[in-house]
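Have a look at these structures, which come just after this line.
After this come two complexes, each holding subunit A, first together with subunit B and then together with subunit C.
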Partner chain A sequence: MVRVKNRYLVVKFLYPSTTPSSSSKDVVPQLLQLHQPTPDAFHAGLLLRAIRDGITELFGDYGMGMASTSLKINYHSPATSTAIIRCPQAHYQMVWAALTYMTKLPKPINTPVVVQVVRVSGTIKKAEMEVIRRAKEIILRAKIEQRGGADNATGDGMVGHIVKMVERRREEQVLVRVEEGEEEDDSDE
Partner chain B sequence: MFYDLNVPWNDNIRELQRTVAFLDELGYDVVALTHTFSGRLPTDLTPPPIPHPLSLPTPSRLRILRRCNIYLTDAATNHRIPQLQQHYDIIAARPTDERTLQQACASLDIDLISLDLTQRFEKHFKFPMLGTAITRGVKIELCYSQALLTGDATAKRNLISNATQLIRVTRGRGLIFSSEARSVLAVRAPSDVINLASIWGLGHERGKDGLTKEPRSVVEFARLKRESFRGVVDVVAGGEQPAFEIVEKNKQIQKTKKQNNIQQKRKADSLEGTPVRQPGEEKTMSNRQKKRNKKTGLEAEQ
Partner chain C sequence: MMENPKKRKYTNDTAALAKRARFPANPSRTISATPTTTAYPNGELNVSRFMRAHENEIKSLENAMRAAKKGLSRRAFQNVPRDLRRRTGSHNPQRVPKRLRDKARKEAKEDNTPISKSKSGSGTGKGGKGRLRVENIEKSKNAREKREEKKKKEQIEGTLSARKIRKKEDHPMMDEPTEHSAAVKKRRRKFAVLAVPDTPSSRFRRRQVHKTWLPTHIWHTKRATMTPGKEPLWRFAIPLRTAGKAYRLTHRAVLLRGAVAWDMSYMATIGLEGAEASIVGLLEGLHLTDEDGQATWQQKAIGKKWLNGTRVWEGWIYEREGKVPKKIAQVTVVWSVQQEGSTKRKAFIRVHPSAFLSLWNEVIRASKIQKPVVTVEDLRFEIGSIEIMGPASAETLCSVLSASSATELSSDTPPSLWSTIASVTNLRELPPSALLAFSVSDPRLRDPPRAADMTSQAQVIETLAYWPIDKTQTTPAIFDRTARLAACRSLPSQQSINRRKAMASPGNYPDPRPTDPQIPMLTFVSRRNNCWTVLLPWKCVLPVWRGIMRYPVSTGGNPRFGGLKERRQVDFERSVPSFPFDCPGTDAGWAWEQQERVERKMEWTKRPKGKRIEWATIDLGNSRKGEVGDPWACDWERLLQAKDGTEVTAESAVPPFRQILTKEASDLMTGHSVSPNISTPGVFSAKIIMVQRGIPTTCARIYRLPTNNQELRSKWLSLMVAPSPVSSPNQAPRKDQVSRPKNPPKHLRSRQLARNLLKPPQTSVDSLKASDENYPNVPDEEDLIGYVTTGNYNLAEGAPTAVANLGLGKYGHVCIWELV
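On to the complex of A and B.
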């Protein structure tokens, strides 16, 4: 029995440089800023298109033809900034290189980003396990930092920051929705 | 242990600190901050532009080195490299033309040759030239960041073609990958760099060597050159005890002496150390002796 062989890339989006809007208001801890959530506007379709553009830029039509046979976003979670990308086994390096060459999210968002491939796996099960392991690890680190940060008395520590951030984002989203409610309908058509 | 031997020093401390912290997060262990001397060397090298100790907070796990880049424009001005070695951990040279590259490979007392790969070189690299450098222990550095950040397509192309050329000519030996990241966004994780190298035609193992083994040898050679006797013999540990341990030990000895004196009131100094039996105390019996005593006792009862 012959089957099509794939590779699954577990990808992490990192945001090392501060966005101009958040830098002025308050100082977010380094760890939290680095692993901040991806903007919701960046959905799986945009990611796929960005990868395709990257491959065409680097490897041209040949690379596109080779890599696109089974290119697919299996999992994309903006909240944790992780994604699982399926690509053909023989040409996974091209997809990886395209991700490495990515410096910012595609057009409408334009946030500077560093994409890190944290795991290459032959089965999706192992890829999923890696995602879960990473998530647990980061929560643990945040907790440890929180404990350490309590002595410094810099504020509410890590958890407080997260709560604040979430609240602010919610407010912003509501505002955006109110403003752009009509425009969205136009863009769908 | 992953090495990134080229992070340009700039006066924007916040940006630099962010870069260093990000490198730590990505899993690098040793980072070298680079100061570049463009043109002639200044007459007065002190104080070095990178302050000592560093003015920025660094992650505790990360080891920070100092490195300087010198541009080789003509052959005459390079007699002051030994002076630089006192101030920096690594000395790298950036040849600008064929003749200086030849000189750097063959005779200069440097640790690294760092080529500007975005330029187009008129001539192909030749193995004999680069081979002498590698056998001398001078490694060749490939900086990948310009390929990522420039929008300039020709620079990207030049970098890829030069990198593949270098990999072909050196047969994958003696190459080092470093970032030369002018902003945080140009830094990539070690595994990503290894994948890039494998796209450029360098095997995975060799690519990993380019981030671990080869830069380590550069750092250690440079250290030996500065600190050891003629670059050959170095004293790692002299075998002497640390001072505080000796003091502790002396204290303990005195304590035990005191205790002994309290227990056994007056003893001649010469007898000290040999076990002395107190007059009232009985000699300890061996098990066999006990058994024998018991037996004789039982027999006597009967």
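On to the complex of A and C.
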């Protein structure tokens, strides 16, 4: 009996900001904004339907038939905008394409979204571990930026400290090299 | 669809309306996720909530990984409780409880386990035997067809009818025998003939040629180890032990909570019928005594009740002749309550099958002597019995055995008081050897059984105190052959019972009908075995047994069942010698001992040389080598030959000694009784409690304190003085201990502590163990007094004990027994 093999796609729903903001004060909310939670109305069933519609649109009935044999949403967390989707091994790229071509959440919600497939793996265990790793990373980043949140480059946090060090070295190097010659000024700046 | 109101209207939130998920989520395959509204109430986006949401995500994913790992580590058939597990559950999903079948099938498919579909349809089996059976079935079918063809041909040709007519002409009286056949049969019963069991169904006939199956045989084969096919015990196929380990479970079920039941249909019953005086004379001739050897049942009040038929007598029965009567077996004698208008009385004698034949011969001889002759019947295969023991035994019986509707329920009769006895948990509360007899209805009609009502406390106390059944017990129908046969024949088939149950309203039992069988039943409380014994007609044992096994005990679970091993265990825990295993002085016990010798020797020879005890080279100290006597046997011949000096053959069917009652033996030893000459040596049973560690097993040798060697004797006696582990506070300080100040300084304390830690514990210095060098040696063979017949760790006592038999020979009145 031949094994039916699947691929597990780890998917993140990202919400990049539409208004460009360059002020350093928005760094913390920028991380939060990018990884903001999805509304509850977008449940696993809706996501599945969206994928199916996408595949039909892109690859037609053939694609729909091939890809939806073992298409299943293993995990979908709206609070963290993460999902693990299972699809057949031979046609995982169709599902990936359908996800990539999703520009906004389906009908009732209609918010613009970027669907990023973060990892493809053959076992769900590795997919779960990837989600855990990313979640840990995000928590760490959020923590750092929260600590250095009040005042960023000028603050006492780690980022502020690093910025200060960089600035100081730059100043030293600039000060040192000014005496030697003009050609080196360009390269330092 | 809108026009037809019957069609279900599909709404969008059908899933939300559904009360129960159609496909319940498997916990090992789902990952839980929190919805956004719980993670971010009020919809605000702050960092702490963000972090918490991601932390929860990590937690739920880790849980999912753990659950998936656990889910794979146990297969479906491993989640089954121990007593429901079947060996073929791993590759046959049908042998697994229904709730796990789908899972088992999925798992088997996933890892390519070949699912074996058993090809043993219609009980033929697999392999060579199966093929033979199939061939035999075909053969018998062909033979049957040929016979039928032959008959048809002859009928057509008219030869058979011609023969018939000729017969009728020659013997005009030929019709009469058919009318008189009943009478002829009855008259033939006068000669006491050994009973023959009913011919079993053809499928199983070949296996019951040299043995008989118990009525619950097939039920037991699936759950217990039975006697091997070619080696039945006492010509019955008896369950030896339960399939799963049950030593402690049986102990707890019998003493603490629950119940244990045995199918004792192999106990033989002898029916006596005749005038009361002649039956009494017969029993007296056979020296029927009770456990203590007193035959005074005619003087005691309980003897009167027994004669009336409201009590049961348990005791020993002896051979008729001989200056010192020889024991045959332990028996139970039940009288039938006298029927009005009839001078004949009936009685049953119940005996173990190992002693049945000798008792039967004795009874026949004794019956012929009585003046109005006593009719003796062999009822071995007509009356079966179930014994049940434990705190839940009374409620089980009360629920399963319910009085049939035809019996009138006037107050104080056994059927009406039966339901009140359900709350009795200790059998000692009931009057000793009390008995109840009435007709019960088919237990299959009241299946599945319901828990008995145990609330009538006040009424129970009154019943137990006055026991009105002594006055209201009517003649039990079980003594009547027609009643027994009627019950057996009118047992409806399982199909008809199922139909009736289907027709009854849900939750109720089917209504009783006048055509229902009335099963005659007799129950008594056995003081000797501490159990309820239920006597039933042979064919009715199986429905009652199934009812008992399905009864929901009020404290949880179902009653357990036991085999021969559990029976012996239960007797051993009460330190009661069980017949015939612990009575080597009787014929039955001696035969058992001979059997066991062979078995033990074979077991020992089977083991490889490095893993068995070499009896021939055991060092007994003082340059003695080798175990005394035959190491696989309780060598009674050697023990009693040495004292006697007479020739004792090893392979005699009859033991060269007799079994003495314990009371008699103790009287003899203490010199209280004036006994006749002890011509033949004898053995009596004794209980042994171990002082130190070690568990005595069967055939262990028992020695008395050495009589000739004083030094050895004092050494052994010193072992008895055990040091107290807790020293008394008033003990005077020893001379070699310096009195310490109350609060020694730190360095002294640590020194003391180190000394205590390095010193071995004090108890080992004082008491010697068997492995020590200075442990006293085994006494000589002249001090050998007996052997252990059953020994084990006694859970009821919390210490290893043994039931042993000690020899008492000519020297009995000379030796001094020190009761230590």
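Criterion: the second predicted complex is superposed on the first by the 138 of 189 C-alpha atoms of A that agree within 3 Å, B and C clash if a C-alpha of one lies under 4 Å from a C-alpha of the other, contacts with A are read in each partner's own complex, and residues count from 1 in each chain.
Note that in this section a contact is a pair of C-beta atoms (placed from the backbone, for glycine too) under 8 Å apart; a residue touches a chain by one contact, two chains touch by 3 or more.
This is a predicted model, so every value here is computed, not measured.
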Touching partner for A:Leu34 - first (subunit B), second (subunit C), both, neither: first
First (subunit B), second (subunit C), both or neither touched by A:Pro112: first
First (subunit B), second (subunit C), both or neither touched by A:Thr56: neither
Partner chain(s) touched by A:Thr103 [first = subunit B, second = subunit C, both, neither]: first
Touching partner for A:Ser70 - first (subunit B), second (subunit C), both, neither: neither
Which superposed partner A:Pro16 touches (first subunit B, second subunit C, both, neither): first
Touching partner for A:Met94 - first (subunit B), second (subunit C), both, neither: first
Partner chain in contact with A:Ser121 - subunit B first, subunit C second, else both or neither: neither
Partner with the higher number of touched subunit A residues, subunit C or subunit B: C
Touch list for subunit A against partner subunit C, complex: 1, 28-29, 32-33, 35-40, 74-80, 82, 84, 124-125, 128-129, 131-132, 135-136, 138-139, 142-143, 145-146, 149
Touching residues on subunit A, where the partner in the complex is subunit B: 14, 16-17, 30-31, 34, 93-94, 96-97, 99-101, 103-104, 112-114, 116-118
Residues of subunit C that touch subunit A when the two form their complex: 31, 33-40, 45, 47, 50-51, 53-58, 61-62, 64-65, 68, 109, 112
Touching residues on subunit B, where the partner in the complex is subunit A: 18-19, 21-22, 25-26, 147-149, 183-189, 191-192, 195-196, 198-199
